[in-house]
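Read from first to last, the chains carry the letters A, B and C; within each, the first residue is number 1.
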Amino acid sequence: MTAVLSTRGLAKRFGSLVVAQDISLALPRGVRYALIGPNGAGKTTLINLMTGMLRPDAGSIFLGDDEITSLAPEFRVKRGLARTFQINTLFPDLSALESVTLAVLEREGHAGTWWRSLPAYRDAAGEAHGILSSLGIAKDAYRPTRELAYGRQRLLEIALALATRPKVLLLDEPAAGVPKDESADLFEAISGLASELTVLFIEHDMNVVFRFASRIIVMVGGRILVEGTPAEIARNPEVRAVYLGKAAYG
Amino acid sequence: MLASLFSVLFDGFAYGMLLFLLSVGLSVTLGMMNFVNLAHCSFAMVGGYATVTLMNSFGWPFFATLPAAFLSAAAAGAVLERTLYRRLYRASDLDQCLFTIGIVFISVAAAAYLYGTLQQPISTPSYLQGAVELFGMRFGVYRLFLVVTALIVTAILVASLEYTRFGAQVRAAVDNPRMARGLGINLDRIFAATFALGGGLAGLGGALAIEIVGLDHSFAFTYLVYVLIVVAVGGLGSIGGSFVAAAVLGISDMAGKYYFPQLGAFVIYLVMVGLLMWRPAGLFGKR
Amino acid sequence: MTSARAAAADPHRYLEAQVRWRRIEIAFWLCTLLPFVLTPAYLQLASQIAITALFAVSLDLILGYAGIVSLGHAAFFGLGAYAAGLLSKHAWGEPLSGLLVASAVAGMIGYAASFIIARFRHLALIMITLGLGLLLHEAANSASWLTGGADGLQGMKIRPLLETFRFDLYGRTAYAYSLVVLFLTFLAARRIIHSPFGLALRGIRENATRMPAIGAPSRAHLRKIYTLSAAMAGVAGALLAQTTSTVSLEVLSFQRSADVLVILILGGAGRLYGGIVGAIIYMVARDQFSGINPQFWYFWIGLLLVVVVMFLPNGILGGLAKITARWRSRLP
C-alpha cells in the first residue's frame, strides 16, 4: 500500500546551520502521527518543506505516487496536503464564515469568478457553515476573526485547513497558546477528525501526544531519531536521554 | 572622444557621490526600522537652506557653513523622530509613505514661504571654482572636492561601523532588530542617533548640492525619486550598496543625458526597474 | 452589527445582507443628479469629479482590496486618454466605441504589466510601479510625433454623443456622459467586490501568507484584478479626453498618480465609495481654493495627510463607520 505522504532524503541548510538532514518518512492512510522533539529540532521546518514554503537542498517529496518536490504550495493543497500554522495565520477582517467559504470556493475553483455575486454560491456557504459547526465555532461565524477568542481562532485555523478537503493534514502545535479551559474543545475537534484522514501534529504536551497519536516520530537536531508506537517510544533509552538531557546532541 | 567619455564618467561619479550623501541615511534607517521616510530629502533642504542663510545673511565662509548644515539637519531629524515618527513604526508601509509625503508637502510649502520659489544663489569660494589638470585630464575643482568629501565620509562611516561599539550595535540592529533588542541594545537610542546622523549627512549633501544642481523649494520632491532609486537598487541597510547604486545611477544619468539626450531620464528609470526585477531586495539587500 | 443579528444561524442571509443595496447608497446616486438642477453652472466641474471618482475607484480595487500599493496608476489613465484622443484624431470620433477601445488598450497593457507587478511586494513593488509610471511619462514626452509632447495632443475630433448630444462648454452632455459611465463601471466594480473573486482579493490583503495554504493562486488573482483595474482607469482617462477634447502629458504624470492616492486615502480605501467621497471633497476644495498660491494648497494637503494618517487611518468613510458603530452600540 503506497503511503499517502512520503519523503526521501530531505535535507535543508541555512549557511552552516543544518535544519534538516536525511529525512525519510512514509505516512500511510488514516494514521495519527505525533512529531515531537526539542525546540529547534526542525519540526516546523519539516512542515514548511513538505508544504512547499521552503525549497529543500536535496531529497524528494511524494503525495501518493506523484512527486511534488517542485510543486508550488497552492498546488500541493489542491492535491490534498493541508496545514495549520503554529501562530494563528488568519484573515483578521474577514468573518469566520467568509474565511472558510473562501477556502471552499478556492477548492472548487470558483474564486476567480468576478461576475457572479457571492450569495449565489449557496452550497459553498452551507458547507463552510457545516465545517464551523462540526468544530463547535458556528456561533462565532459572523464576527470578524480578530474578535474571536484565541482558542476559537485556533479552531478556525483547523477549519480553514479542513475546508480544502485534505488527504493529509499537518498541524503545527495546534494547542500552542491556548488556555487550559479552551483546550478541551480543541482536542475534541482533533479526535473528531475523519478516520481516513492522515494527521501529523507537532506537539510538546506528552499527555496530548499519548492520547491522540498512534505513532510517534522523534526529531532531534534536524534528523529523525526514531519512529514507533507510543509504548516503544516511551521505553526508548535514547529518547529518554534527549528529554532528560543526559546525552549530548546536535 | 576618450576625454569626453572620461569627463562624463567623472562628472557622473561626482553626481553619484552627491546622491550617496543624500541617500545613505535613508538606506540605513529603512534597513533598520523598516520605516519609509519619504521626507528624507527635506533634511537635505534644511542643510541647504542653512548654508544659504548663513552665507548670504550672515556672511559666513562656505566651509564654516558645512558643519552647521550637518548639525541643523541632524537636529531636525532627531526632533522629527522623537516627536512624530516613533508613533508610526508599527504602521503599514502605505501609512508611513503617506505621512512622510505629508511632511514633504509641508516642508516644501514652508521653504517657499520663507525663501520664495527661485533658485538660491550662493557664491562658492574662488578656490573651489574652475578646473585643474591632473594626469593629463581636466577635473572640475568643485566636483573633485565633492568626491573627496564623499570618500572621506564613506571611510569614516565604514570605519565606525566596523570598529566602534556604536557601529556594532547599528549593524546588529539592521541585521536583526528583535535579536538586538534581546541582547539589551537600546534600539530606541540607536535609532534616534542613526536617524540624526542620516539626516545630518543628507543636510551636508544638500549644502554641497547647491553648486552642482541648485537649491529651490521643491528640492525635497525633485531628489526624492533619485534617492529612492538609490536606496531601492542598493539594498536597504547597506552602505556599500548605496555607494555602488549611487555611483551607477549618477554615471547612467550623466551618460544618458550626454549620449542620448532625447531620452531624458528614461535611462535611469529603465535601469532601476530592470535592476529591481533582477534583485527585488536591492543589489546588496537582505534576502 | 445588524446583519449579524438578522442572519442568526443562516449563512445565506448573512451573505445576502453583505451585498444588499443600502438605502444610503440609493440616496447617494439619486443625489448625483442634483447638480443638473442645483448647480447648472458647475457641470464641467461635476464631470471632472465623476471622472476622478472613477479613476479613484479603479485604484481602490488594487489598493484597498488587493493591497497593491501603486505610485504609477496614472499610467493607465493616461493610456486610456491618449488612446481615445489618437483614435479620434486618426480614425473616428464616435465616443462610445472610443471608450471601449481605450479601455481595451489600457487593459491589455495592464495585463502585460501585471506579470511584473504580481511578483513583488513592499518597497520593491512601490518603486517598480513608480518607475514604470515615470518611464511611460518620459516615453510619451519623447514621442512627441505621436503624442504632441509637451504641447499636448492636437487635432482631436470628438463626434457628438449618439450623434445628438454635443460636448459643449456648459458641460451638460459631459456630466451626463461621465455620470452614466461612472455608474455603470461602478456597478461592475461593486459586483467584483461582492463576488468570490472579491473575497479572494480581501484574503490576499488580509493575509497573503495564508492564501497559498488554502490552495489559492494568489499571483493569478493579482494579475486579474490589476488588468481589470487598468481597464477601468483607461475608461476614466478616455472620458477626460472625450469631454475636454484635449490630452496633455499631465495625464501620465506622477502628480496625477499621487493626487488619486491622496483622494482615495482621504475618502477611505477598501470601502467602495471612498474614492468617490474623496474625489468630491478634494476637487470641490481645490476648485474653491484655486485662487490660492499653489504652495499653500500643498501645505494644507500635507497637513491633511498627516492628520488623516494619525487620526483617521481609514479615511473619512472609516471614521464615519466608527462613529455610527459606536452610536449604534449605545442604542437599546
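The rule we apply is simple: a contact is a pair of C-beta atoms (placed from the backbone, for glycine too) under 8 Å apart; a residue touches a chain by one contact, two chains touch by 3 or more.
Note that this is a predicted model, so its numbers are computed, not measured.
Peer 1: Quickly list, by label, the chains bordering both subunit B and subunit C.
Peer 2: none
Peer 1: Quick check on this structure: which chain has its C-alpha centroid closest to the centroid of all protein C-alpha atoms?
Peer 2: So the chain sitting closest to the middle is C.
Peer 1: Among the chains here, which has the CA centroid at the largest distance from subunit B's centroid?
Peer 2: With centres defined by C-alpha atoms, farthest from subunit B sits A.
Peer 1: When the centre of a chain is set as the mean of its C-alpha atoms, what distance in Å lies between subunit B and subunit C?
Peer 2: Comparing mean C-alpha positions, subunit C is 34 Å from subunit B.
Peer 1: Report the inter-centroid distance (CA atoms only) between subunit A and subunit B in whole Å.
Peer 2: 48
Peer 1: How many angstrom between the C-alpha centroids of subunit C and subunit A?
Peer 2: So the centre of subunit A lies 41 Å away from the centre of subunit C.
Peer 1: List the residues on subunit B that touch subunit C in their complex, please.
Peer 2: It comes out as residues 30, 36, 87-88, 91, 93-95, 97-99, 101-106, 108-110, 112-113, 117, 217, 225, 228-229, 232, 236, 262-266, 269-270, 272-273, 276-277, 280-281.
Peer 1: Which residues of subunit C touch subunit A once you look at their complex with the stated criterion?
Peer 2: 1, 3-4, 7, 9, 11-12, 14-16, 18-19, 191-192, 194-200, 202-203, 206-207, 209-218, 220-221, 224, 228
Peer 1: Which of the residues in subunit A end up touching subunit C in this complex?
Peer 2: Listed in rising order, the residues are 51-53, 72-75, 77-78, 82-83, 85, 89-95, 97-99, 101-103, 105-107, 110-119, 121-122, 124-126, 128-129, 138, 141-143, 160-161, 163-164.
Peer 1: Would you pull the subunit C residues touching subunit B in the complex into a rising list?
Peer 2: Checking each residue of subunit C against subunit B gives 63, 69, 116, 119-120, 122-124, 126-128, 130-132, 134-135, 138-139, 141-142, 254, 258, 261-262, 265, 295-296, 298-299, 301-306, 308-310, 313.
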